[in-house]
Amino acid sequence: MLEELKKEVYEANMLLPKYGLVTFTWGNVSGIDRESGLVVIKPSGVDYDKMTADDMVVVDLEGNRVEGNLNPSSDTATHLELYKAFPDMGGIVHTHSPWATSWAQAGRGIPCYGTTHADYMYGEIPCVRNLTKEEIDEAYEKNTGVLIVEHFKDTEYMAMPAVLCKNHGPFTWGTDPHNAVHNAVVLEEVAKMAARCEMINPDVKPAPQELQDKHYYRKHGKDAYYGQG
Amino acid sequence: MLEELKKEVYEANMLLPKYGLVTFTWGNVSGIDRESGLVVIKPSGVDYDKMTADDMVVVDLEGNRVEGNLNPSSDTATHLELYKAFPDMGGIVHTHSPWATSWAQAGRGIPCYGTTHADYMYGEIPCVRNLTKEEIDEAYEKNTGVLIVEHFKDTEYMAMPAVLCKNHGPFTWGTDPHNAVHNAVVLEEVAKMAARCEMINPDVKPAPQELQDKHYYRKHGKDAYYGQG
Amino acid sequence: MLEELKKEVYEANMLLPKYGLVTFTWGNVSGIDRESGLVVIKPSGVDYDKMTADDMVVVDLEGNRVEGNLNPSSDTATHLELYKAFPDMGGIVHTHSPWATSWAQAGRGIPCYGTTHADYMYGEIPCVRNLTKEEIDEAYEKNTGVLIVEHFKDTEYMAMPAVLCKNHGPFTWGTDPHNAVHNAVVLEEVAKMAARCEMINPDVKPAPQELQDKHYYRKHGKDAYYGQG
Amino acid sequence: MLEELKKEVYEANMLLPKYGLVTFTWGNVSGIDRESGLVVIKPSGVDYDKMTADDMVVVDLEGNRVEGNLNPSSDTATHLELYKAFPDMGGIVHTHSPWATSWAQAGRGIPCYGTTHADYMYGEIPCVRNLTKEEIDEAYEKNTGVLIVEHFKDTEYMAMPAVLCKNHGPFTWGTDPHNAVHNAVVLEEVAKMAARCEMINPDVKPAPQELQDKHYYRKHGKDAYYGQG
């Protein structure tokens, strides 16, 4: 079942250690088959170097396991909320990548200081608030998703494919699992350079809007012409 | 004698360079066999790339060498104090890993700024005081252990498996030697992100208590359900 | 056509990931054959691990593609402006290398704090202003080149083979493509050390002029005697 | 001639890229044969990956080339001044290693903040002043050595085997070439942790003297008992 997607999700998960985004098992990638409404996700607590494509778990959008011997990632409920709310998302990534997590712990969104950021993400990368004690107690992982949905509903969520959860870490998404990992790498690089940029110039301001627009729209939308060259 | 534990301690020692926690020979891992009360520890001053499982040294809890041709690590006396005071410790690690050591040199405990920290360590990672000149002169390595015991006695020491010794560096522990190394890796990652987080937001506050509780207890204790996913 | 130069440009491009200067496809190297006035440049949007020497694109100084199946790098127009204005340039590099880009985002030139900098670059590495909205709308990539030309005309541009574009990133150049990459590596190293140096001493001043002169001129010009030893 | 020492010096030079202390050819190691008074040093401007033991150059203490087809490192005159003044030095290293160079550029000595430092170097690592214009013009490389000699004469120079030259970079020494490289690695690690330590606690004070004494003397001198464990 969904062999192609399971392979894709497996490979995308294996990119996380390759790009230095995870320590131990601190991360997970999922992908969705929109036709069947089924989600493929990394199993919970399996080492990257022992994981195979067959270990990927298939769940439906209510979180019921449809295939697989292992438990799905404990963060599955967060992924599902996003897939249910945002039809253009084809893949989702959660990591504790160190620079993005440092911003999340600092409780700050990442201003757009340059074209590396603007090439992929339009505007400031938001940092959403802590869940309340009630939200945590009721359903922590699900409500993390609900909070992200709350922030991005009625927005161009594919133009800002990343969010920081305060005191926790980042989620990114994309058109498919690989693209979501690509955005996780971009986020980490952008987070690193933004922190260093503020160290070099504590009074730094975001890049001019016209420069942000130029870089974002030369790569995205109907007038795009830029091939990442 | 204790072949299994010697292999385990050897492998745990070899993880230190793999995870970038040591330069040269600046680190040591030990493990204890609670039944016999014997401790296996890295020999003193042997290069990691020349070390074998047979080089591991067996000592009793009084520090007498029971097996092995080499001298045990000079920090052995510190390890023994901890094993004697804390029956749940199965493995202990000492390193000069750079971020944790930078906090130790700064003389500060590491506040819990996020869930990466809370997933493994409950509360602020403490930094214990300098030994006095008298304590140093009397028995430096042993008294380092005595000081740590003083701090952790009557606490849930397995819920805070790490300590910083002021102007020196970290010790971590775990249920066995591998688990103690795992905690040493977590500590280094947490120390790195906490420092960067304060750089990004000098007024940052620790994560809300309910978030710390949620993350710690979903992985530890009788209601745990999280598989590191 | 230009097989030797294509090989050279290809190899120079492959040095960018080797030296850690690029993530994904964020960089490009070109070289010029001054006799024919033809420029060889990396194709747009091709992964480094799939690229071959045959993928290199040949364009004339007006930007017309003379050979190659792929589109030239989208930054080609910037390269061409520089080649047209500065006859001694034999190779040009653009990257988003993290430390240099952090300075560019911070909008600051890099002061000459030491001999590593002075060995290769004479004086402060300049950061040129943002393009205006009009300049962006008219011809973004070309006008980036025009702005750099404006800054360096009537200067010893081979003695300062690097520039930062505000909120964007660096360009470097050299006598040939490899030399331009060499300067990109120097720039990144110098940018890193300058940022850390200001962290260590916020009141730091540039190196004395006589020291800068000594280091630059013992390696460059008619009295040079230093072999990079 | 001096085949053993040439091999030793060659191998010590090759450790510089292995430990991440050099970019390109920015570093050199030498060793001395005290009996003959001859010094073996890296040739000038040769890439590490093309260098062989046979490329090492033999010079006498006046700087005359005694053997070898290549020119000796341009920094040879600095090495020779040190060998002439300090009979216990058996090997000398110069690098532009990034953290140590950042302190040199900042013009600050490195305070002893912890035991990693105290294990190998006794007290603050000094930063010597800039040469005057007259000293530079007269004999730059030689006078760099003269300045270092001036600082260390009448001191226990083997107990502080490192110096920073303001706006330039570090020199380290040891009993032989390998030991000098070992000290260069220690210096870089200590420089990194000291900078981060000040970032974490801007009011940090050096480690207590009794702790510095304990760590230095348990590894050095007649009462040493510590095997780097």
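Chains: A, B, C and D, in written order; residue numbering restarts at 1 for each.
Just so we're on the same page, a residue touches a chain if its C-beta (ideal position, glycine included) is under 8 Å from a C-beta of that chain, and two chains touch if they have at least 3 such contacts.
Chain labels with UniProt names: A, B, C, D = L-ribulose-5-phosphate 4-epimerase.
Given the structure is predicted, the values throughout are model-derived calculations rather than measurements.
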### Message
On the document's contact criterion, could you list the chains that touch subunit A and likewise touch subunit D?
### Response
B, C
## Note on the structure
At the largest C-alpha centroid distance from subunit B we find chain C
### Message
Could you classify the subunit B-subunit D contact as same or different, where same means more than half of all interface residue numbers appear on both copies?
### Response
different
### Query
Taking each chain's centre as its mean C-alpha position, how far apart are subunit B and subunit C in Å?
46
### Task
Report, in whole Å, the distance between the mean C-alpha point of subunit A and the mean C-alpha point of subunit B.
33
### Summary
Multi-partner residues in subunit B (2 or more other chains touched) are 198-199
### Interchain pairs in contact, sorted by label
A-B, A-C, B-D, C-D
### Query
Which subunit A residues qualify as touching subunit C in the complex?
113-116, 182, 185-186, 189, 192-194, 196-201, 204, 207-208, 210-211, 214, 218, 225-229
#### Entry: Residues of subunit C that touch subunit A when the two form their complex
23-26, 28, 42-45, 71-75, 96, 98-99, 101-108, 130-131, 133, 136-137, 140, 167-169, 195, 198-199
